[in-house]
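The structure appears below as C-alpha cells.
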Amino acid sequence: MLSIKDLHVYYGGIKALQGINLDVKEGEVVALIGANGAGKTTTLRSIFRLTPIVKGDIYFYEINLTKLPSYKIASLGIAHVPEGRRVFPNMTVKENLEMGAYLVKDKKVIEKNLEFVYNLFPRLKERQKQLAGTLSGGEQQMLAIGRALMSNARLLLLDEPSMGLAPLLVQEIFSVLKKINEEKITLLLVEQNANMAFSIAHRVYVMETGKIVLSGPTEEIANNEAVKKAYLGG
Amino acid sequence: MRRNLLTLTILILILFLSVLSKNLDPYIYQILVFFGINSILAVSLNLINGFTGQFSIGHAGFMAAGGYFSAALSVYQGEKLLNILSFLPKDLAQGAIFLVFLILGGLFSAILGLIIGIPTLRLKGDYLAIATLGFGEIIRVAILNLDVVGGPRGFPGIPKLTDITWVTFWAFIAVVVIYRIINSSHGRAIISIREDETASESMGINTTYYKVLAFSIGAFFAGIAGGLFAHYLMMLHPSSFTFMRSVEILLMIVLGGLGSITGSIFGAFILTVLPEALRGFAHLRLIIYSLTLIIMMLVRPSGLIGNREISFYRIFKFLRRKGIN
Amino acid sequence: MVDILQQIINGISLGSIYALIALGYTMVYGILRLINFAHGDIFMVGAFIGYFALGSWNLPFALGLVIAMIGASVVGMIIERFAYRPLRTAPRISLLITAIGVSFLLENLMVLIVGASPRSFPQSIPVDIYNIGGLILTNRQIIILLISILLMILLQFIVMRTKIGKAMRAVSQDKEMALMLGINIDSVIAFTFALGSALAAAGGVLVGLYFNKIEPYMGVMPGLKAFVAAVLGGIGIIPGAMLGGFILGIAEILVSAFISSTVRDAVAFIILIIILLVRPSGLLGKYMREKV
C-alpha cells in the first residue's frame, strides 16, 4: 500500500534520513520506534512532502507521492495525526472535525463519519461546540484522530499519540486505534512508548540516526535483546 | 588595516571635493550635496535596519526633527550668537555656530529617538515598523501645528550655510562612527540582535540597551542630515518629510544591501542620480522606484551588494587574480 | 449635547468606511502575517473603477458598486499571485518591503492613467437631508452605514459558516495542518485577498459618494488609519476590525470638531502607539508573544 524507497532528507548539512526503506501493507498496523531525533517524525512528514527530500521515492499504490503537491496527498486517502495534535485552537470541536472532511463532497458521508467518530470518542460529542484550544491534551488527541478519520482515509499516520498523556488515557487511545484498524484502516504509528506500540503493531521498524536498523514481525523485534535493552527498560 | 584604508580614502575624497567644488558646475554641485545628505541618511538608517535588524520606517521624522530644530536655532539665535562671537573672524564664528546648531539638532533627534525607542523597541518586526511610521507621522503633524516654524506654510529664511565640505565632513563622520560601532564589541552585540534576538538575550546581552542605542545614533545622524538639508535649501516644508521620504531612504539601503555601509552609500548614489537621469520622465520615475523595490525583493533580497563591503583591497586582489589567470 | 451627537453620527459614517478597509488588513494579516501596505491603494483602485462605472457608463449605483468590488478583487488576486506568493518563505521584512513597493506602484500607475489631480465622483444618488430634532442626517450617511453593515454581516457569514470561510480560518491557524487536510492554501489565500479587496473597493466607492472627491493618493491615509483600526481591535480578529474602525472614525471626528482639525491625522497614530504599548493584542485580542 505504502512503500518508501531509499529516502534521503537533508536539512542543510544535517542528514536527517539516509536511505529509508519501509513498506506498509493494507490492513496492517506498522510501528516505527526509535530514540528522539532518530528521524521518525521526518519520515512521516516526508509522506506529505513537508521535508526537503533529496533522493528517493514514496509510493502509495502506484502513485509517486514525491511528485505531488502536499495538498493533493490527502485526497488519495492518507491522513496525518501529527506530533503535538495540531488541532485548530480557535475553531470548535465540530468545525475541526468538518475540516477533516474538507475533501468529502457528500454531506451524508460526512454525517456518517461524524457519527463514527462520536461513537469512538463520546467525549468529543459532549464538547462539540467548545473551542478546540480549551480541550485537555487527551481530548485534543482524540480530536486529532477523529479529524483524520473524517476524511475516509485508508491509511492513518500517527505521530506519538501517547505523548504527554496519562497512562490510563494512553490505554484508551490505543484501544481505539485497535478498533480503527478493525475497520480496515491501515495504521503507520510512530512511538517512543515501545510497549504500547508493540501491543497493537503487526510489524515493527526500529530507527537510529536516520537509518532503519531493524525490522520484522512484532514478536521477533520485541524479543530482540538489543531492543529490549534500549526501548523496553531491560 | 582595512579601516585605515577606508578612512584614508574618504579623507582624500573630502579634500578632493573641496578643491574641486570651487569650479564645479552648480547642477553637479547640488547633486553631490544631496548625495552626501542621502548617504548620511542611508548609513544611519542602515545601522537601525540593516545591522540591528529593527525595522524602522520613520526616518524622515527624525530628519525633520533635527532639521527644523537646527533651522529654528539659526533663524532665532544665529544673529545673536554671531554678535557675541564678533571678536572671531566672521567665517570661523559662523562655522562654529553652524557646527553647534547642527549637533544640537542631531541631539534633539537623538533624544526624540530615545523617547520613542524605549517604549517601541519592545515591539518586534512589523509592529515596530508601524509604530515608527506612526511616530514619523506624528512628528510631521506636530510640525504642521507649530507656528514658530511656519506650520503648513513652510519655514523660510534659513541662512545658507551648508556646502559640499560640510556635507562630506558629516558623511565621513557618520560612516566612521557607525563603522567603528559595528566593528567593536558593541557592534557584535548589535549584530547578534539581528541574527537572533532571543538567543543574544539569553547570552546576557542587554538587547533593549543596544537597540535603543542604535536607534538614537541613527536618529542623531538623521537629524544632522536634516540640518544640512535645511541650511542648503534655506527653506523647510513639512511635505518634504512624508512617509514617502522614509521609504526613499529605505529604498537606498534595500538597493545597496541591508547591513553594508558601502552598500548604503552606493544605494544613496543611485537614488540621487537616478531621479536626475529620469527628470524627463518624472511620472515614470516613481513607477521605476516601486518596480525596483518589488523586483529587488523577488530577485535579490539581499541588495546589490549584500551585507559585504566594497573595499579597494578586495577589488585590487580581484583584478590581480584576473590578471594572473 | 446635540453637537456631540451630531459629530458622533458623522464619526460613524467615517468609521464604517475605516472598518471596511480594516477588514481586509486584518484578514490578510491573519493568514499571511503581512501588513499589506498596498491595501489602501486597492481601496483607491476600487474608487476609480466605481468612478468609471458610474460616470462613464452611467450604471446604477448598486451595479457600479458591485463592479468596483469585482474589479478590485481581481487586482488584489493579481498582486498576491505575482508579488507576494513568490515570497511565501522569505523573511517577513522582504514581504513588507514588497508591499510598500506595490503600494507605490499602484499609486503611480493610477497617476499615469488618470493624472494626479482630484476628480469629482459621479453623484448618482442625490442628497436628501433629514433634520431630526436638530440632528442633521443625510440619506448618503444612511446608505453608507447600511451597506457597510450588510457587507460585514455577509463577511461574517462567509467566514463562520461556509466551507471556504472555515478553510480560511484553518489556514490562518495552522497552514501546514491545513495542507495535510487537503486544503489548497494558495487558492484560500487568493480568496482572502479577493474578499478583502472587494470590501476595500466598497469603501472606496462609498468614500467617493460621501466626500465627492477621489485621487490616486486617496488611499494612503485611510489605508494607514484602517490598519490602526485593525490593530486597535486586535489584528487578525474580524469583529475587532469593525470595532476599531468605528472607534477610530468617531475619535477622529470628535477631535477635529472639538480640538483642532490639523491634529486629526495624528489621532490615529497616537491611538496606535498607546494600544501597542498598553495592549498590543488589541481590544479583542489575546496577546501572544512572538514564538521562539
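A few remarks follow.
Each chain gets a letter, A, B and C, in the order it is written, and its residues are counted from 1.
Criterion: contacts are C-beta pairs under 8 Å (C-beta built on N, C-alpha and C of every residue); 3 or more make two chains touch, one makes a residue touch a chain.
Given the structure is predicted, the values throughout are model-derived calculations rather than measurements.
Distances between chain centres, each the mean of the C-alpha atoms, put B farthest from chain A. Counting C-beta pairs in contact, the chain pair with the highest total is B-C.
Put simply, the C-alpha centre of chain B and that of chain C have 34 angstrom between them. The distance from the centre of chain A to the centre of chain B, with each centre set as the mean of the Cα atoms, comes to 55 Å.
With centres set at the average Cα position, the gap from chain A to chain C is 42 Å. Not a single residue in chain A touches at least two other chains. Taken in their complex, chain B has these residues touching chain C: 55, 57, 119-120, 123-127, 129-131, 133-135, 137-138, 141-142, 144-145, 151-152, 198, 243, 247, 250, 254, 283-284, 286-287, 289-294, 296-298, 301. On the side of chain C, the complex with chain B involves touching residues 33-35, 83, 86-87, 90-98, 100-105, 107-109, 111-112, 220, 224, 227-228, 231, 260, 262-263, 265-266, 268-270, 272-273, 276-277, 280, 290, 292. Taken together, the chain A residues at the contact with chain C in this complex read 48, 50, 70-75, 79-80, 82, 86, 88-91, 95, 98-100, 102-103, 147, 151.
Within the complex formed with chain A, the chain C residues making contact are 163, 166-167, 169-170, 173-174, 176-185.
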